[in-house]
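Here's a structure for you.
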Amino acid sequence: MLEISGLTIEFQDVKPPLRAVEDFSLSMEPGEIVGVVGESGSGKTMTALALLGLLKRHAKITAGTMVFKGKDLLSLTPRQWQDVRGKEISMIFQEPMTSLNPVLTIGRQMEESLRLHTNLDGKSRKARALAMMEQVGLSQPEKLYGCYPHQLSGGMRQRVMIGAALVGNPSLMVADEPTTALDVTIQAQILDLLKEMNREYKTAILFISHDLRVIQSICSRVAVMKQGQTVEAGLVADVLSAPKAEYTKKLLAAIPHRGNRLRKKRGR
Amino acid sequence: MKYLIKKICTLIITLLVISLLSFLAFQVIPGDAALSRLGTGATEQKRESLRREMGLDRPMLERYGSWLKGFLKGDMGESYTYSVPVSGLIREKLPITLAITGMAFVWMLAVSIPLGLLAGKFAGRLPDRILTVLNQLVMSVPGFFMGILITCLFGLALHWFTPGGYVSYQEGWRPFLGYLFFPSVSIALPKCAMGVKLLRSSVIGELNQDYVRTAYSRGNSQTQALFGHVLKNSLLPVLTFWALAIADIVASSVILEQVFTIPGLGTLLVQSISNRDYPVVQAVIVLVAGLTVAINFLVDVLYGVIDPRVNLR
Amino acid sequence: MEVRRVCAGYGRGRKYRRILTDVDFCLYKGEILGLVGESGCGKSTLSKTILGFVPVESGQVIHHTSRPQMVFQDPFSSLNPGKKVGWILEEPLRMQKIPAAARREKAEAMLAKVGLDKSFLNRRPGDLSGGQRQRVSIAISLIQGSRLILADEPVSALDVTIQRQIMELMLALQEELGLSYLFISHDLDVIYQMCDRVMVMQKGQVVEEGDVERIFEEPRHPYTRSLLAASLSYRL
Amino acid sequence: MVEKRNMIVGGILAAAVTVFMLVGLFYTPYDPEAMDLSMKFAPASLAHPFGCDQFGRDVLSRALQGSGVTFLVAAGTLCIGGGLGTLLGLFTGYFGGWPDEMIMRFNDLIVAFPSILLALIFISLLGPGKYNVILALGIVFIPSFARIVRSQVIVHKDMDYVKSARLMGVGHLRILFVHILPNIRRTLFSALAIGFNNAALSEAGMSYLGIGVQPPDASIGRMMSETQAYMFTAPWSVLFPGLAMILMVLGFGLLSDGWSA
C-alpha cells in the first residue's frame, strides 16, 4: 500500500545543507501498525510530515520515492495533496491541546474532513461526527459537539483528534507521539483505542514514538532511527529480542525496566 | 453571562472613578475659579457672592454629587469665556469630531485587515517586503506633518479640496463629509500602518501553530486554512490594538482639527485650555474619557464573543 | 527530614484550593524515596511545600539537616538564560561571602564531580544540551553542601540514553556523598530502578507507601494496582 | 537577518539624530531669533542649508534649537516615565497581591485614555512650558512602562531559575535586579526607544497646538504651525524640520523593532 524508498530530507536554509533524514525506506501493508522509534533529532517527525507533504518550506526532499496506492506522492500538485490529506492519509499529533483550534467547536473540527472531502449535507455530517465521537469513547457526544477544546481533558482531546482523523475513513493514519503528553492510565486507554480503531476500520497506522515500551505494545514492525539514518528494521519481536545494531542495543539497555535495578545498595 | 456582568460592573466603576478624578483635578486648580472668572479687579464681597452662587462653599463630596447629577442630565455648567451652557457648545461640536474619528476608524479597518493578511501570508516575499518598508515610513511621519503634507499635495497642488474651506454639517452632510475625507485619512494612515504590522506578525505567529498543521493534515488549502482557522485567532491580539487605536485616533483628531481648521471638540478643547475655561475642559475630558472606556467595554465584549476561552477567566 | 500531616494549597480566601491533604512521611538519611503519581496529583506542590514556596495550611515540615535543594524537571528554564554557568554556580557561594578565588575553585571542583570540565564555566545554558544542563543543575544543588535533594522529574525531559546517564550519575553521587533523595517521577520503571521506598500519590493524598519490591510485587491499594496495570513495561 | 539590518540602519539614524539634537542644545550657526527681512523665504543655500522662513530667520538654526529642546523633553520624560514605570512594573509584577491588582486596574484605565489628552489636562492645570511638559508627559508615560515591564517580570518570576535562586539564598531585591532585570533588557530598551519617539511626537504635537513648549524656547512643532501657511511658497521652511522629525522616529522605531525581535 505504501512504499517509501531512499527518502532523503535536507534543511536547505543552512550551509552546508543539513541532512535530517537519509535514505529512509519503509513499506506498509493495509491495516498494519508500523512503528518508527528514535531519540530527539533522529528525523522521525520529519519523515511523518513528509508523508503528508507538510514539511516546512526550507526542508526539501532531495532523493527517494514515496508511492501510496500506486500514486507517486512526490509528484503531487498542492491541489492533489489536498485530496490525499484527511481523505487517504490523516495525522494525529503529540500535543492534543495545541493541535486543536482553540476558537472552533469540537463538532466543527470533528467533521472538517467530511466537509472538505464529501458532498454530505450539514445534517448527515453531524450524524457521522456524533457517531464517530461515540466510537472513540466520548460519552455525551451531543453535549461535547458544541464545546471548545479548552473545556476537555487531555485524554478527551486526543480522542477528538483521533476521531477527526478517522472520520473521513482514511487508509493510513500517521500518529506522531500521540501518547507522550498523557498520563500512563490515559496512555493505556488511547493505545487500546488505536488498536480497536485499527481492527474496526482496517486503517494502517504509522506510529512514531521515542518510547520502545509503547512501540512494543502496539506495533508489529519497527524501524529504529538515529540522526536521520535507519539503523535497524524488522519485526518488533525480533528487533527487541535480538538487536543487531549497536545503537539498538544501547537503546534497549537504557530503557528503564523492572528486570534491572540500578540501585544496588539500599540506604537508611 | 457572568463575564458580561463582571465587565458591566467594571465599566460603571471605571466611569465613576474617571468622573471623580476629573472632578477632583479641576477642584485643585491653582487659583480660585471665582477669581479667574471675575478677574483680579473684583471686590472680596463680589467674589464671595459668586462663590456661593457657584456652590464653591459646599463640601467637596456634595458638590461632586450635584455635579455628577447635573452632568448626567446634560447640565455641564456654563463656559467662563462664552457665558453659554457648556452642553450647547459640546452638542454643536460633538457630531464633527464623531464623524472624523468614525471615518478614520473605518479607513483603518478597511485598509489594515486585508493588507495585514496579505503581508502575513506572503511573509518574507515581495509584497510583504514592499509593505513593510512602506509601513515603517508611514509610521514615522508625525500626525500633524502628515496633515500638512496632505494639505499641500491634495489641496494646494492638486486642488482636490480647499484647505480651510470647512463646510458645517448644518449646511449639508455631503460637502461636510467630503471635507472631512482628507483629515480622516491623515489620522488613519499611521494607524493603518500599525494595524498592518500587528496583524502581519499575529498571522505569522498563528501560521506556525500546531492547529494550522492539523488543518492542513485534514486537507485544507492554504486559503481555507487562512480564513477558516487562522483569521479568527490572529484577530484576537489585534482587537486590543484597535481599542487602543481609538484613543489614539481621538488624540490625533485634536491635532488634525487644527491643521485643517475644523471647529470640532479638539479645537474647542485647545481654545478652552488656552483660555483656562475649566468647565468646558472638564466636560470635554469626561466625555472623551467616557466614550473611550465605553468603546473598550465593547471590544471586551466582542473579545468574549470571538474567544471561547475568555469566559473562564 | 520529616513531613507531618501537611495540608497545603494555593490561593487566598475564598479562592483557596487545597492540593495536599494530610501528607505524612519521613525521609531517612542516605535513602532514595520515590514519589509517583499522575499529573495534577500534587507531586510538584509537595516539593514546593517542602521548600517553603507554598505555605503550609496545617501540619509541619521538619528539616533535621540543612535546607534541602532541588533539581528541576525542565533544564531549559531552571538555569538563568542570561548568565554563564560559572556565574550561576558561584551565586550561592557569593551569598555566603566566599572570596572570588575560592568560589571559582569550588565551582570547578563541583563541575568535575558531575562530569563536566571547566570549559563549561564560561558557557551559557543556551549552548548546552539537555543532559549537560541537568548536570549543571545537580552541581548547583550540591554546591551549598546540602545533603538532601528533591528531584522533581529530573529525567523526564531527556532522551532515554541521556536519562540513563543522569540516573547513574545521581546514584553515584548518592553513594559518594551519602545523599538522600526525594525522587519524583511519573514513570514507574524509573522509580523502580532508582528508589528504595516509594509513595504513590493520588489527588493530594499518599495512598500507599512501602519498599519498592513490595509495592511492585504486591500492590494493596486499588489505585496503585491500576497504575501498575496501565504502565507499559518493557518485556523481553 | 532582516532584524539585524534594521537594527544597524536604525542605530545609525538614531545616533545621527541624537548628535543633531545634542548639537542643537549648545550651538546654532545663527541666532535662531535673528530676523533678516532681506532673507525672507530665501531658499536653501550654502549659507542657509535649510533656507529661511517668513521673517528671514535661519531654518537650520531654529530646527537645531527646537530639536535640542525636543531631546531635553523626551529624555526628561523617559527619566520620569521610564524610570518610575519600570520600578513600578518590577515591584508589582514580582510581588503581586492587592497593590498589584489596584495599580494595574488604574493603569488599564489610563492606558485606554488618549495620552496626549491626559498630558493636556496636566498642562491645563500646571500651565504650559518646557518643564511642565516634561512633568506631564512623564507622569502620563508611567503606566505604559509599568505594564510592559510587569508582564515580562511575571513571565520570568515563575521560571524555575528564580526558584533556584531563592534556594541559593538570594534575596528578593537581588533576584529582581540582578537575575531578572538583565533578562528583560531587550524589551525594556525597545520600550524606551518607542517611548522616546512618543514623547518627542507628543511634545511636537502639543507645541503645534500652542500649549506645549513656550517661547523663548524653540520647538519644531511650533515652527511648523507658524510656517504651515507658507508651505507652498517656501516648502523648505516646513519640509526640512518635518524631515528631521521623520528621520528621528524612523531611526528609533527601527532600533526598537530590532531589540524586540
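Each chain gets a letter, A, B, C and D, in the order it is written, and its residues are counted from 1.
Operating definition for what follows: a contact is a pair of C-beta atoms (placed from the backbone, for glycine too) under 8 Å apart; a residue touches a chain by one contact, two chains touch by 3 or more.
What you are looking at is a predicted structure, and each value in this text was computed from that prediction instead of being measured.
Visitor: Go through the assembly and pull out the chains touching chain A as well as chain D.
Guide: For chain A paired with chain D, the chains in contact with each are B, C, in label order.
Visitor: Give the label of the chain whose average Cα location is farthest from that of chain B.
Guide: C
Visitor: Looking at A-B and A-C, which pair shares more C-beta contacts?
Guide: When the contacts at A-B and A-C are counted, A-C has more.
Visitor: Roughly how far is chain A from chain B, going centre to centre by Cα mean, in whole Å?
Guide: Those two chain centres are 51 Å apart.
Visitor: Can you give the whole-Å distance between the Cα centres of chain A and chain C?
Guide: For chain A versus chain C, the centre distance works out to 32 Å.
Visitor: Can you work out the whole-Å distance between the CA centroids of chain C and chain D?
Guide: 49
Visitor: Just the number, please: Cα centre separation of chain B and chain D in whole Å.
Guide: So the centre of chain B lies 21 Å away from the centre of chain D.
Visitor: So which chains end up touching which?
Guide: Touch list across chains, by label: A-B, A-C, B-D, C-D.
Visitor: Show me the residue ranges of chain B that touch chain D in the complex, using the header's touch definition.
Guide: 14, 17-18, 22, 25-26, 28-30, 136-137, 139-145, 148-149, 151-152, 156-157, 243-244, 247-248, 250-251, 254-255, 258-259, 269-270, 273-274, 276, 278, 281, 285, 288-289, 292-293, 296
Visitor: Going by the contact rule set out above, which residues of chain C touch chain A in the complex?
Guide: Residues of chain C touching chain A: 28-32, 38-39, 159-161, 163-164, 167-168, 171, 174-175, 178, 180, 186-190, 192-196, 216, 226-227, 229-236.
Visitor: In the complex, go through chain C and note every residue touching chain D.
Guide: Residue positions touching the partner: 51, 53, 67, 69-70, 72-74, 77-83, 91-92, 95-96, 137, 140-141, 144.
Visitor: Looking at the complex, which residues from chain A come into contact with chain B?
Guide: Residues 52, 54, 78-79, 82-87, 90-91, 93, 95, 98-104, 112-113, 116-117, 148, 150, 161, 164-165, 168.
Visitor: Taking the complex as given, what residues does chain A use to touch chain C?
Guide: My answer: residues 39-40, 183-185, 187-189, 191, 210-214, 216-217, 240-241, 250-263, 265-268.
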